[in-house]
């Protein structure tokens, strides 16, 4: 009997890393969060780390949904509290690798305090902050990262508040590793995530990502891919640049690269040492 | 041992391995005791930047397999409201100790209060049921803290312990039994095959799903959004019904098993004094004084404030004329008593009874008044 | 006093409830909104941000909800009418500062567009489960006023009313709307300024050195001053006396005499008394056909509109059904329910939660009337058939219920089949 | 009276902006008697929420110059601090850096005061470098003094009151018996890069005026942007 050659079902290399039963995802066409997720998945693949020991925590918002698509133990928590929740996980079981993926509004606005203090304590977390300059999930409100004078629904006459500089805040608070890439720097981003992952202490990777639905539409900046390319073409790689110079102006060049890489004692080390001393006394 | 210390010891005896806190008066006695015992018990602790993150960290720690505790007071408890909701939604067992102080907002931090009782039940948005315990002596601080951990593990819910600074500072002998004699409910773990785990597939008998720890390879996902059995978000009213109805009923239907109370002199009583926490000590004195005067007074104490012993109150109401409900607030539990008495017995609330702690005058007066 | 024409954008609009509430707040003279985006309340903040600069009002999007509510308290003390708009989890975050606002007796309003909870729940869908929370959510004892609009038009009117009540009683007022009303687009008529009554802030007018921030008038409310008027006020969230100075226990030991003295000095009790004493002036309900009713349907917000359909059907079929709609959910109209309980067979309470206001109804019914809850987990509204069936069941039942009777809705049967019910006794 | 309040009172006098325009928002409990000297309005708010409270006040009445004294700034109010700096709200923020939670029985300060560890939280945690965070987030004037640097502190406060935008003064004010200890272990280095002003064990406390710059305040940016877009329709915020 003649056999018919059928196309064999092939496994995508990321199948093991993503919850394929949840695809299609909720993100809009042209969104940069997908890139961040695949870079992250790529990083996990490169790391060859035991995925059972990896935990992903995210907050609320578009990027907050990432946890739901990564096939590790994953938590989708409350708005802004992903880092606090992750702190509990890390201290509860120090053997785990805990990764927080969330948006700019979640991490820097409402979660700003947890961001600052986790960096200060130097809790061993890797934070991936997807910065799309806007609150996208709620329909395009002004975020602390929105450049001047971008239009949003709650800055209907143009934003006038100075935007936050995420790498600078991270550095000032005490993060040990800080990098920034745009959503199209896929390989560099993945490498950065690998580095951050391996660094003991609080590490931050910022991903500049387009919001095709709100930020772009309100400001008439084209579709998601246009913006992604714009960010990519207008980025300048400057490793070790002083974080003072990392402000992002509206539709101007974006400095990317690895800015901070240093060592500080992590929280759990200090705690254990203190407990030991306490015991001796 | 003081009440604070008894609480910390109770937590450690129940196997609590994590404390997340932010310093706030007057809850700090518990923290101090807990921290000094950390090195020998292997427990860990973290002082977070605010109460919001304290409870968030506690919820995170629980999923690593530890039992976890947070302690707070007054406004700190108010800050925790959002995460009580998350704890309920994720069905995360944890214990929250709230040292109630007097007054709204900052009130009078070192004075006992009772204004957070309804807050413990209703404070977070959305519908849920919760368990709240109210000890009235250092010994009971110990016992009920252990019980709180048991209940939280059994029903997979945050459990609140409500007490106040007077009980916290009160020194009394506390009997801590041997470790082997302390019975704590074990967490209900999933034991089936790895790919068959569904985080919110509940047992028809008790409506409680089983848990797994992080890092055991189940690769589960949980979310504060309304979710299905898999833990994945589903945004429709059927799924919402599926969640909320069960969250409410997993406690409501088993209230009889959870409820703990103490009764005295209630047979043939005309007046029943319903109280909880520190006030109950004075209530008992007042009841006994009234009985000496020949008034048939009975004593009823809530050890679990929530769920409320509805049935028992209704039964008592049928046999008495009036309830007297002394509280350190302007009427909270007295409303519940009124509801459950179903018009069979009147209710006299004694407001702010505790500003006279140690002298049950106002309670006694209220009892005497009912007799006229 | 009448509204300032500059604040009132007179006209007939086709807008949703969120936007109508923003118009209402502006008409009431609101000059400050401290907000933070959260579905489904954001449209109100967006509308405010669009319109406010033209009315001299300020909008700031704060870094979080704790910040937005705290900024509202500050703005109110600086002399402006202020509000925040929020929903679900954000409302929970505000609890601490609501308690502070109540203790400082600051007039401000919170618009809460309720969504399905607990926790993140279903952000885009409706719920009515924050009703008890608005009353009890903060720590300690205080009372608040809560209003529940059932249409965008009422969203506008109640926003004005909320500000008036807040100014009148110096307390937080919650505008407890829900996602349905918030996102419902209907005709909204904004009348002329001369037709809108505004309660002006009651500023103190006497000599500066005689001013006591918490010295009360017969209604137990005290006049207020602005920060920066040179009165040198001391305002605290601690329990305070008439001067606003904190009353504190000295030392750590519990001193009975001292406690008595504090009790006399502290003004804590007025936080509840000022509302309880003025209950009759505050409470508003809307009744229809309750005179001869056998069954009264008690509802509020969007549920009252759904209930209306069921009641209509029941009346057409000859059943004597009345409706009682809560306009002020808090304070609760206890006396009226007690009165009705004496002569009706029972109450049907449809609400989009698993029992909140129904317990209040049950309490006031004092066992004299049966109380049936038509529950709903949230994320959609009741089916009128459920409410109708509950009315029928109540009329037909012969026995007296020992507790609130939880009606089994179509949705529940659909979701659980026999499962959950097996456990029900 | 508290050293900071003393300096504040003198600072208001010195700046000449008038007591009526200043109001104090704080989460530290002060005795009401301080008002007899200060003669300003005082708001004692919930812990950590002082800055948003003051932000609301400033926007509702732009003529005011709210002064914030934060006790628990470094913890509960951290986020508000960060964002107020970013917005450049016109406030003067004084961080009463107690090194310990003063109201919780001096947890970290227990033990031998001579070998006291420089930590605002727990003995082993790294303290926050407040001037550096302030600078990074955008404050326009940053200084640090110990509470015993009375004259310098007064001068800084007076300067901060006059300065438009968010000024931050970090005041090392431990329990009274330790004041002198910290004063002795401090070193004045005006204009020092804030990256080096962290408080570390075994090192001197660097004090001085670290930063002075100009940035548009929130209200200025607001007025400019909306006027540009809305023109005559816009009702400006009058300062």
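Letters A, B, C and D name the chains as they come in the text, with residue numbers starting at 1 for each one.
Here is the rule we use: a contact is a pair of C-beta atoms (placed from the backbone, for glycine too) under 8 Å apart; a residue touches a chain by one contact, two chains touch by 3 or more.
Since the structure is predicted, the reported quantities are computational estimates derived from the model, not experimental observations.
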item	value
Labels of chains that are neighbours to chain A and to chain C	B, D
Intersection of the contact lists for chain A and chain B	C, D
Mean-CA-position distance for chain C and chain B (Å)	27
Interchain centroid distance [CA atoms averaged], chain A/chain D, Å	32
Distance between chain centroids, defined by C-alpha means - chain B, chain D (Å)	39
Chain centre separation (chain C, chain D; CA means) in Å	37
Multi-partner residues of chain C (each touching 2 or more other chains)	53, 63-64, 66, 89, 96, 100, 119-120, 236-238
Contacts with two or more other chains, residues of chain B listed in rising order	49-50, 52, 75, 82, 85-86, 105-106, 223-225
Numbers and ranges of chain D residues touching at least 2 other chains	44, 46, 48, 75-76, 78-79, 82-83, 122, 125, 226, 230
In the complex with chain B, residue positions of chain A that touch it	19, 21-22, 51-53, 55, 57, 67-68, 71-78, 81, 83-93, 95-96, 113-114, 116-117, 267, 271, 275-276, 278-279
Residues of chain D that touch chain B when the two form their complex	44, 46-48, 75-76, 78, 101, 103-105, 107, 121-122, 125
Contact footprint of chain C on chain A as seen in their complex	60, 76, 78-80, 105, 109-110, 112, 135, 137-139, 141-142, 144, 153-157
Contact set on chain D toward chain C in their complex	19-21, 23, 25, 29, 32, 35, 38-46, 48-49, 51-61, 63-64, 66, 79-80, 82-83, 226, 230, 233-235, 237
For the chain C and chain B complex, residues of the former touching the latter	66, 88-89, 91-93, 95-96, 99-100, 102-104, 114, 116-125, 127, 129-130, 132-133, 135-142, 236-239, 247-249, 252, 254, 256, 259-260, 262-263, 266, 268-269, 271-272, 353-356, 359, 362-363, 365-368, 375-380, 402-403, 411-412, 414-416, 419-420, 422-424
